[in-house]
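Shared between the two complexes below is subunit A, which pairs with subunit B and subunit C, respectively.
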Partner chain A sequence: MESDKKLIGRSELEKLFSQWQSQGTRILAPKKNNDTIDFALVTTLAEVSLDQVQTVQSAKTSVFPRVEELFSFTSRDGRVVIRERDRNALPATVLFGVRPCDAAAFAALKAIFTWDSPDDLFSARMEKMTVIAVSCARADAYCFCTSVGGGPGATAGSDMLLTETGPGEYLAEIVSEKGLMAVGETSGLRPCPANVNKEAHLAKLEPAFAREKVAPALARLFDDAAFWAEQSLRCLGCGACAYVCPTCACFDIQDEGGGSGQRLRCWDSCGFGLFTLHTSGHNPRPVQSQRWRQRLMHKFAYMPERQQVLGCVGCGRCSRACPVDMNILEHVRSITEAKP
Partner chain B sequence: METLANIARELLAAGTVQTVIGYGHGSGEAALTRTHTQTQARAVFIRDVAKAGSLIFDASCQQNLAVYLMKPEVRRLGKAALVATPAALRTILQLAAENQVSDHDLLALAVNGQGEVALLATLAAIEAHVAALDNDLKPGEIAELQKYAALDLEQRRQFWEEQFSRCLKCYACRGACPLCYCSRCTVECNQPQWIPVPAHDLGNLEWNVMRAMHLAGRCVNCGDCSRACPVGIPLHLLNQKLISEVLDNFDSRSGMAAKADNAMSTFKPDDPEDFIR
Partner chain C sequence: MSMAGIFKPYLMKIEHIIDETPDVKTMRLAFADEQEGRNFAFRTGQFGEYSVFGEGECTFCIASPPTRRGYIECTFRKMGRVTSSLAGLEPGETIGFRGPYGNIFPIHEWEKKNLLFIAGGIALPPMRSVIWNVLDLRDRYKDITIVYGARTVADLVYKRELTEWAGRADVKVITTVDPGGETEDWKGEIGFVPTVLDKAAPAIASRDTVAVVCGPPVMIKFTFPVLTKLGFKPEAIFTTLENRMKCGVGKCGRCNVGKYFVCKDGPVFTLAQLKDMPQEY
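Then we have the complex of A and B:
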């Protein structure tokens, strides 16, 4: 559908929140907890924090929780009975206050989870979710959405995008049927006058590298062990980068409960030494430099090649979360600038 | 600062060491979404005399660089000189006591808040240097522990349940910890599975408690676990509590000597407790 532009005030947004509440829709939004701001269940707009550049964790938990039951099982007298999750019991969700980079990340997640055999739990969650993003008025040194095809006011992946045009006043771009449904019959939405200049309210962020250069440079550098060793010497091999990443989708399967229990899907990371360790004892990626290379290859070469989508949206979370300052923007730049 | 770079140059030029593990300028901007301490310096591995000038030491240099002594890629660089904060010096001694480093592996460039550098060429020299430092918990740290000690059991349980509920099991705490060097961590043993893998309540509780207990009597209170945690869990509180317990019960401090028995993993036949016999 063609984007529908409205003006909406904070009081109308509050009405929307109570409307969603009354429909039994859960609302996930950035919320301050201790010293960190992350997505959490909220009931009112007042609980939502929108001043931060970014939440620590991404919004992927809304469709790919860090632990998720795939099915439960009981075993009796040698017979195993499997009980599937009830897809209808998955909650209808409004994801409110994500940044445009996070909204764009759902395309990458979707590409992975529907690649060959579609993951129906993921798809059911996606289907039941409405994404309402808020444009970025400022960026920090870790942001690079404009280098990977996004932008501080990009609508890709959102059902509605809000841009603050004045104190408590938002330009609402309704870009999908879901966005239209989320607004419903709420009164107080005004037509957007022609003189509203969205661009003026967005962060200015110059592209930092040419993204078409990354995959060819990676292909050239693949066998340059010294290059990767140098890039990753200080990497500790933890999973902080992968776990805060909005597109990292690797998971591990764990059964819990012995004879009767659950099969769980848990986050995993290619940065861990055990990630590729075979039962035989052989590990095709035995050193951290190969694992760091894999992280970049997967995002900037394999995903574009296999799924026609970049595995990075430039949110900068991995760089902010890294305990040892592995800055992905800096690394990708050095890859594009490496002498052949 | 100049002194540090000069010492590094001399050590590299003379071939005394092959690499200087120190601090250089990091990305430069404090993260805006995190309010807990984020270092702005980053680890650098200087192997070229011409690059020694990029070494820095200031208040932002907090990472315990001794973590890199256990990293195979870094070990392969050859003998190292390590820019070492007091906590890193104690880590070196603790690693030596656990037979993980020995005298010929490294030199320490001991640095302090005043910008002074001391070249410590042997473990004995590190021991003498550390002995002259104040190695006790700081008054502020003790006061914070007392605050939690004043809570009743239920309140403490609630506090940690809430904290651990945010744990992602990303293992940044383990990665950042120089004393978490097991090539196969207990959490990765699955025959049998000691610690549940999923980051659910039980998995998170068991993981964090297991890690704290494994560090009891060994942790040198560098604080890197808390600094590394992306979701801001105050893991240092667990370690500091155990440091004070081990000190009170065994009169033992970790990282004071290159040859030492660890309070929690040493058995003496004349142990006055009879449950152990």
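Then we have the complex of A and C:
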């Protein structure tokens, strides 16, 4: 649908929150907890924190939980009964206050989980979620959305995008049916006057590298072991980058609870040495430089080729979280600038 | 609404267990739900995720041929957590299976050709599926030769079938064990698979012949050059990769070799394809 532009005030937004509450929809939004701001369940707009550049964790838990039960089983005297998750019992969710980069990240997750053999548990969660993003008025040194096709006011992946155009006043762009449904019958949405200039309220962020140069440069550098060794010298293989990333979707499958238990899907990371290790001891990616290369190749070369979507939205979380200060923006830029 | 998720396994009843070697077993598995069993179809070369509930899943190929309906078989070596608990199960017990996954040996494209199967150690299971498949359709193929080696006589799997195949007039079987692995009454060859293959070469047609090679990485590494020397084209040499897997359906991110998913684009690859892929297997 064509995006529908309205103006909405904070008090009307507050009313929307109570409307969703009364419908039994859970609201996930950035919330301050001691010194960190992360996505948490909220009931009112007052609890929501919108001043930070980014939350520490991404919002991917909303559709790809850290640990998710795939099904449960009981096994007794050689007889096994499997109980599947009730897809209807998955919560209807409004994800409020994500940044445009995080909203865009759902396209990457969706590509991974549905490109082939669609994962219906993931899809059911996606279907039941409405994404209401808030544009960025500020960026920090780690942000690079404009280098990877996004932008501080981009609407991709959002059902509705809010841009603060004045104190307590938002431009609301309704971009999907779901966005329309989320607004419902609310009164208080005013037509947007023609003189509202969205751009003026957005962070300014120049692209830091040429996107189309990344995949060819990676292909060229693939076999340059010395280059990758230097790139990854500091990397500890701790996996923090993958855990905070809104598009990283690698997972493990584990059983828990013995004979009557659950089969679980848990986050994993290609940065871990055990990730590809065979029981025999053979490891196709035995050293960290190969694993760091895999991380970049996967996001910037393999996903665009196999799933027609970049695996990075430039949120900068991995760089902020890295204990040894690996800055992905610098790495990708140096890749595009490496001499052939 | 309760939909079947993609990770929900079929329940399989262990019908029969054969001890192949001290640490390798073959299990025949029947679908607990007969209707599911009738609807189930796979093609040779494919694999699955087998699970012991409460212990987890592990990846094995389907070792029986699709020409034998109503059951599947797997052959596995006791290695770690899941395979050890699987090895402790008895007939009548229930395990999980999801699949079939992955691509296939294109046996329809091999019709009217000679077939050369080369296998080492535990890697015979995927080979067994395709061997039985072509033997069940024997008149579509010309000469069939099987070269199989293991470290020691005790490590040879499928001993009954090797004897059965060797007894057929329409199959040529060469078995070998590594030097020192022979017993006093061993009648086969002694030597590494690539060497034995080289020695047997004059009797093996390389024109119009497809070679299938499955084995440990070192065996594969030294067998390819021998085949190339014999005149096999890279497109006519097939193998299977065994990258570690979890999901089997192109999502968990574990099995890839470059942009390829071994679980989706493989596990069957030709040498021509491998030459274009990074060394991540």
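By definition in this document, the second predicted complex is superposed on the first by the 340 of 340 C-alpha atoms of A that agree within 3 Å, B and C clash if a C-alpha of one lies under 4 Å from a C-alpha of the other, contacts with A are read in each partner's own complex, and residues count from 1 in each chain.
As a convention for this text, contacts are C-beta pairs under 8 Å (C-beta built on N, C-alpha and C of every residue); 3 or more make two chains touch, one makes a residue touch a chain.
Just so it is clear, the structure is predicted and the values come from calculations on it, not from any experiment.
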Partner chain(s) touched by A:Q52 [first = subunit B, second = subunit C, both, neither]: first
First (subunit B), second (subunit C), both or neither touched by A:D86: second
Which superposed partner A:V287 touches (first subunit B, second subunit C, both, neither): first
Which of subunit B and subunit C A:G24 touches, first, second, both or neither: neither
Partner chain(s) touched by A:P193 [first = subunit B, second = subunit C, both, neither]: neither
Touching partner for A:D325 - first (subunit B), second (subunit C), both, neither: first
Contacts of A:P167 with subunit B and subunit C, given as first, second, both or neither: neither
Contacts on subunit A seen with subunit B and repeated with subunit C across the two complexes: 252, 254
Sites on subunit B touched by subunit A in the complex: 26-29, 31-36, 38-45, 63, 67-68, 71-74, 166, 168-172, 174-176, 188, 196-200, 203, 224, 227-228, 230-232
Subunit C partner contacts - residues on subunit A that touch it in the complex: 70-71, 73, 75, 78-80, 82, 84-88, 112-113, 115-121, 222-223, 249-255, 257-261, 263, 265, 268, 270, 275-280, 282, 284-285, 290, 294, 297-298, 301-302, 305-306
Touching residues on subunit C, where the partner in the complex is subunit A: 1-9, 11, 51, 53-57, 79-80, 83, 92-94, 96, 217, 242-244, 246-247, 249-254, 256-259, 264, 278-281
Parts of subunit A lying in touch with subunit B, wherever the complex brings them together: 33-38, 52-57, 66-67, 140-142, 229, 232-234, 236-240, 242-244, 252, 254, 256, 264, 266-267, 269, 272, 274, 287-289, 319-321, 323-325, 327, 330
